[in-house]
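The two complexes that follow have subunit A in common; it is paired with subunit B in the first and with subunit C in the second.
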Partner chain A sequence: MNRPSLSPSLLSPRSLHRRLGTTGLVYAALVVILAVSAVLVSARGASLFTTANTVDLLTRSSLLGFLAVGMTLVILCRSLDLSVGYVAALSTVVAATVMAGDPGRMLLGVGSALGVCALVGLANGLVVTKLRVNPFIATLGMGLVVKGYLDTNFQGPAGEIPAAFQTLGYARLGLLPVSTVVMLVLAVAAVWMLARTRLGHHMYAVGGDAEVARLSGVRVATPVVTAHVLCSVLAGVAGLLLAARFGTGNALVYDSGYELEAIAAVVLGGTYLLGGRGGVAGTIAGVLILATLDTVFNVLAVDPFVKDVLRGTIVIAAVALYARGQSSRAAVRVRFPSGGPPPPEAAPDPPGGGGPRDPEPAVGGAR
Partner chain B sequence: MTADPLLRMRSITKSFLGVRVLHGVDLDLYPGELHALVGENGAGKSTLMKVLAGVHRADEGTVELDGTPVSFDHPVRAQRAGVATVFQEFNLLPERTVAGNVHLGREIRRRGRVDVRAMERATGDLLDELGLEGISPRAKVRSLSVAEQQVVEIVKALSQDARIISMDEPTASLADHEVEVLYRLIGRLRERDVALLYVSHRLKEIFDLATTITVLKDGQRVDTVAAGDIRPAELVRTMVGRPVSQVFPDRLEARGEHVGKVRLDVRGGGNEQVDGIDLTVRGGEIVGLAGLQGSGRTEIARALFGMDRFTRGEVRVDGRRVDPRSPRRAVRAGVTLVSEDRKTQGLALNQSILANGRLALDAVWPLGTRRRSRRLPAIFGSLELVARGGHGQEVRFLSGGNQQKVVLAKWLAAEPGVMVLDEPTRGIDVGAKQAVYRLMRELTAEGVAILLISSELPELIGMSDRLVVLDEGRVADELPGGSDEEAVMALATGAPPEQEPGRSPDRHGPHSSGAGPGENGPRSQHEGAAP
Partner chain C sequence: MSTDRTGPKHAGPRRGPWSFLSGGTGTVALLLVVVFAVIATQNPSFFEGPPLMSFARMAAPLVLLAVGQYFVIVSGEFDLSVGSLVGAQVVVAARLIDGDEAMTLPVMGLMVAFGLVVGLFNGLVTTVLKVPSIITTLGTMLILFGAVRYWTGGAPTGALSESFRLPGRGGIEGVPYLGQLPYALIIAAVAAAAAVWLMRSPYGRCLMAVGDNDVAAAFSGVRVWRVRTAAFVLSGLMASVAAVLIGGFSGVTAQVGEGLEFTAITAVVLGGVLLGGGRGTVVAAVLGALSLEALFTLFTQLYLPATIQPTVQGLIIIAAVAYASRRGDLRLPERLRRRTGPPTERPLGTSRR
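Let's turn to the complex of A and B:
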């Protein structure tokens, strides 16, 4: 009963999509973008793959990666989190003030920062599932609450990150920054969680159709709340990375628009914004694409406004491409398949055109 | 088979909003038996099934499973007890694999983690056992055909060790060769001593498959018989035979200029759902589209109104050829549709009565709507629209009947020449129904052509001048208004007619036996076309 896959032209985006799957397509796009960028950069007489550029690319992707992996979980559950930027800012401040420059308090600082973030995520999840507030509003509101707290209590830098922790922001294993390694490890853990645990399966189920999940005996709230907690904790990790780089807590990092960039990376990675489809692997590719673009624009010294225009265009184009590949297959049986598309020669008549129609006799016409 | 029943339902009664839809229905299911539940649309079959599935709770009556009384207050409870239901809308996740769907909520785990392989193996074993090797447990449900999705539903039920599986019109969306698969599957299920409850409109299937038949009518159990003891014609008679209780208003004297002229003419209309549709509706005439759910009635309405389109054939309105590619074009050509679902397709629920009334006008004729909209209050008045909050009240607070009047007013304001009414009286009270009937008579007297779709046969027969009966997306035949329900049902269910044994199976000449005013249209055309 498996239909043979008929792909007449192997290079059309749709057949490529079918052969590779969405995630494969994103990685293919990543390779293409890397290649094109390398060519563009070398045309300017420079090289894209210098140590400095590669490290820059990977460092960019680790920060965005933490946020985007968490966002993927939330979006898979058909929710959304607009508070991640504020949560990351909160995390920098909590970590820096708790550590207060004392290397002995590093663990305590990390634990308290992530704990506070987990609480914010728990609140997000409970508001979304129990109070049934639209996630857009719920997390936007929660973000504003956090912002208000930060603005009243922390103007300017707060606390101090001990030097030992700061090295985490810059340390490298060969070419790989430690932060990138941590990000990739967490991403692999998330992939495993989605594929191999009941929680992960239920996240897809709830995001795909909450009613179907409920009628199959799934407790619908659990995966959503868990996804929100994990998303906020990952935002907290991103905040720790920011704190390590800055050396202090900085409440103003929330101004950087991280939440929208994370959503863009998730969507670019092929995860469906309305839930139930996609995954973390695609998101990582999305993150790398965005980081590559940033690095290349930097190397080429592109005008920052043009940069935003290009990034926006690429995200929209990617999503339009996925939508095309996703043939909408409604569960309606085709009774007369010969119907197919309308025959091209049957030119539609404008209803207003009342001109004389040649061979067909007027109905009931007197002859 | 004469052992104790697996399931015993006794005097099940259920009301919705004060309307009784089930009156003390009894039902017994035995292992390995296929019990068919038949009846007209609205007889209470689906409600009974939903009571069993735990979707609805019976107001009165008892359900016993293996002799112990049970009460399912949630579908999951029923499933855990071994009662599974395959509804018409599938409860599947299209983006997940077959195995993932089958085991959803009951994932197989080993040492704390989900064992995807084991789930695929278990699902594959079940599929093999049922002789359905063609479906891969790893395939995404989205990539499966409708029939295969149905199989997945059934496998899902079986994997929960269901001992009772009820199916609501399982063949409604299947093609003929797919029905074969279902037949085979049902045979295997019966060998496994599963008890099956089967709702279907198609008599052929019922006589092919059922061991026992229960006939429901107006929420009451009319009869339960062994399938071998009844003939199709008798069954149809049992299903429809009822005293005529409704009175329809008389036809009014025609006065419009369009009366008697062909206003809507469809020749060979077809798309993916219907084929070879020939329809002629004259001014002043009500033509009823009869047929079972899914026979193509609504699809024709949608095509005429430009929601889907006919990919073959042609449509003429008032003699002019039109191609309704969008509702906007259809309205401009003079065709309007009162859709079957007024809440999602007919009304902007958060807006006022007046805004809804003007909706079509403002949208389709951006300029010069003043003259037409001035008629709205009069239209509301003539429809006897009663709204305590005045015409500024939001539509969602109105009763179903009044909401339907708003929909009608919206389209009347557009002064259509052809109105397609899809289930215009569904879910509205008797008084409002009468108002709709009177309005239809009024409109036809003025020369409007009406195409009426209704699942209530008495209404369809009582209001229509002619009946076009659909079966499987094609015109089965045309009958004069006032035909008896049995004749219509026999045509619509594809049951062999008793009087005409020699009828040819091909249906290319729908008008060959049609007696009535419809005969003139096509014939004069043929003569005119002859050189």
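Let's turn to the complex of A and C:
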């Protein structure tokens, strides 16, 4: 993820970016946002780093973190998953109805919820790889299928989560909520998987160029299907967390727009929407940035509608800042290796850098 | 309605007269025919004038949005902001007009200008600032959503004037057989025809080239950023016109436009237009929009419970796109694009693995 810069001594304007790498830049942005927020909050006579606020920030980040880590894996494979919100809702309902308030059935509930989610992910992955349906449409369609099932069978809250499981949603180790610890452990596992295992390397290879990966002997479908299954299971974990907080299964969770927020966190974390570049570490920073914004808006009691405006503006601005650094990078995939730079009058901004940047998460996959 | 739009597609692919059946346009035309046939078995009077015209009136906004989305998608980008934009336009129009007939035309002008500005913003941020368009338009979506609700205090206020609602509701009376020819149909037909013409103009060729391979297009002298920005502006324009129709047809609620961006993208992709750009025709996108709207009509006629409709819709779009990509030729440009050596082409239709 921390791509070493190729020519560190050359040129200055983007030297910060070159020295830090994308992930470093994201963490720098996180620190800046935290600092600015702390100043803003203290200007109002409050403190950002009280126990309540910190716990609030970390709790928010754990929910989004589960979704975003899974989304990172899928996006790295040059796919996309728009069904995570629906899968999370499905998970809350399955867990709550299976547990039905009985502490003895907790494991069964967790297992069946995650199992159902894994099946949805498997279906997503197979539709994308075997039927060669565009991931955007495949997962949007799968989300609609799940939505129809939920709407038909669960009009209101369903099932009951036993008290023992509910405490998991609120329990803390010192300042750290248990859910955040679980999220971080899973994130570290994902980082390890991407950096150390064959599967992880294949994910980068397939995301970078499925055709080249195939010619190099990678079974292109395997990493993509695995990423989709993992993504859905992680969405299921997010659903379990929601269920533990609500104390019941709630199908309407899908209305919260989690999928787009997760994609925003992934892109904010410096992962490339076209696949093959980026990583989970950056995503965690992206998640923390979004969670910080939410917490600060809450502390400052910003109007919820203005909150949306600010969030939209900040996400665009942040990604624009990264893109400035990225556009000059030597690691950009070149489609015309021998062609040299394109004619200067072609565009005021060098399209050589813009080439692989355009967000077509859909085209690739493992076809 | 479906037949009068099938003309241009024969000219699109430069292949045999029947090969179009294997492409996206053929698939979606087939889907439309099948859905219409099922509707006809349920409700034989559907193809008499008035019911068909009311279908056309309902489908017109989606056709406009699909055409706008088509420009953006074929250039290799996304526009997720159109749903929010339509909602914002309708709510703003209601508040500004507030039942005053004299305000109708100025407000319509303002809406078009607003749509153009939003499109220009999306386009410039995407091309000049190099923000992925999915993020740009997601941000615009959030901004519009929040800003309009903040401005109106959460619930839409005001009312639309009668003349504002005319394009969405009214029509030319006394047309033989059809009864009333809705203005919405005329507007959508004109927009679709203009889009077909535009895609055959130099601009359209550039747009297609940019979507297929922007570096190659830049080498050939296309100003990539200008072409893409114009596509976003066109999408904003189409969304504004659609907002006038939707506002006129269904009135002002806080939910206007919700989810329309995904419906529009679904319609375009249903037409076999490749997400990622460079492939697909306007006609196919229009047919996709009509098919989707026909499906919704069919659901209503079958008395499907509203809650199960998403499931059926999801299964159908997956099946349709899966069927289209089985034909193999949809994948062709991507394969060619990634090949660096001499193009040793695999025969069409053979599996990639």
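Keep this in mind: the second predicted complex is superposed on the first by the 313 of 367 C-alpha atoms of A that agree within 3 Å, B and C clash if a C-alpha of one lies under 4 Å from a C-alpha of the other, contacts with A are read in each partner's own complex, and residues count from 1 in each chain.
By our rule, contacts are C-beta pairs under 8 Å (C-beta built on N, C-alpha and C of every residue); 3 or more make two chains touch, one makes a residue touch a chain.
These numbers come from a predicted model, not from an experiment.
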Partner contacting more residues of subunit A (subunit B vs subunit C): C
Contacts of A:209 with subunit B and subunit C, given as first, second, both or neither: both
Partner chain in contact with A:201 - subunit B first, subunit C second, else both or neither: first
On subunit A, positions contacted by subunit B and by subunit C: 209, 211-212, 214, 335-337, 339, 342-343, 348-349, 351-352, 354, 357, 360-364, 367
Sites on subunit B touched by subunit A in the complex: 75-76, 79-80, 90-96, 100, 104-107, 109, 112-114, 116, 134-136, 139, 142-143, 145-146, 148-149, 173-175, 261-262, 265, 270-275, 296, 309, 311-312, 316-317, 319-325, 329, 332-333, 472-473, 521, 524-525, 527-529
Subunit C contact footprint on subunit A (complex, rising order): 127, 131-134, 136-138, 140-145, 147-149, 151-152, 209, 211-212, 214, 220-221, 260, 263-264, 267, 273, 303-313, 315-316, 319-320, 323-324, 326-327, 335-337, 339, 342-343, 345-349, 351-355, 357-364, 367
Contact footprint of subunit B on subunit A as seen in their complex: 1-2, 195-198, 200-202, 204-205, 208-209, 211-218, 276-277, 329, 331-337, 339-343, 348-349, 351-352, 354, 357, 360-365, 367
Subunit C - residues contacting subunit A, complex: 76-78, 80, 125, 127-136, 138-143, 145-147, 149-150, 154, 213-216, 218-219, 221-226, 262, 265-266, 269, 274-277, 305-315, 317-318, 321-322, 325-326, 331, 334-335, 337-340, 352-353
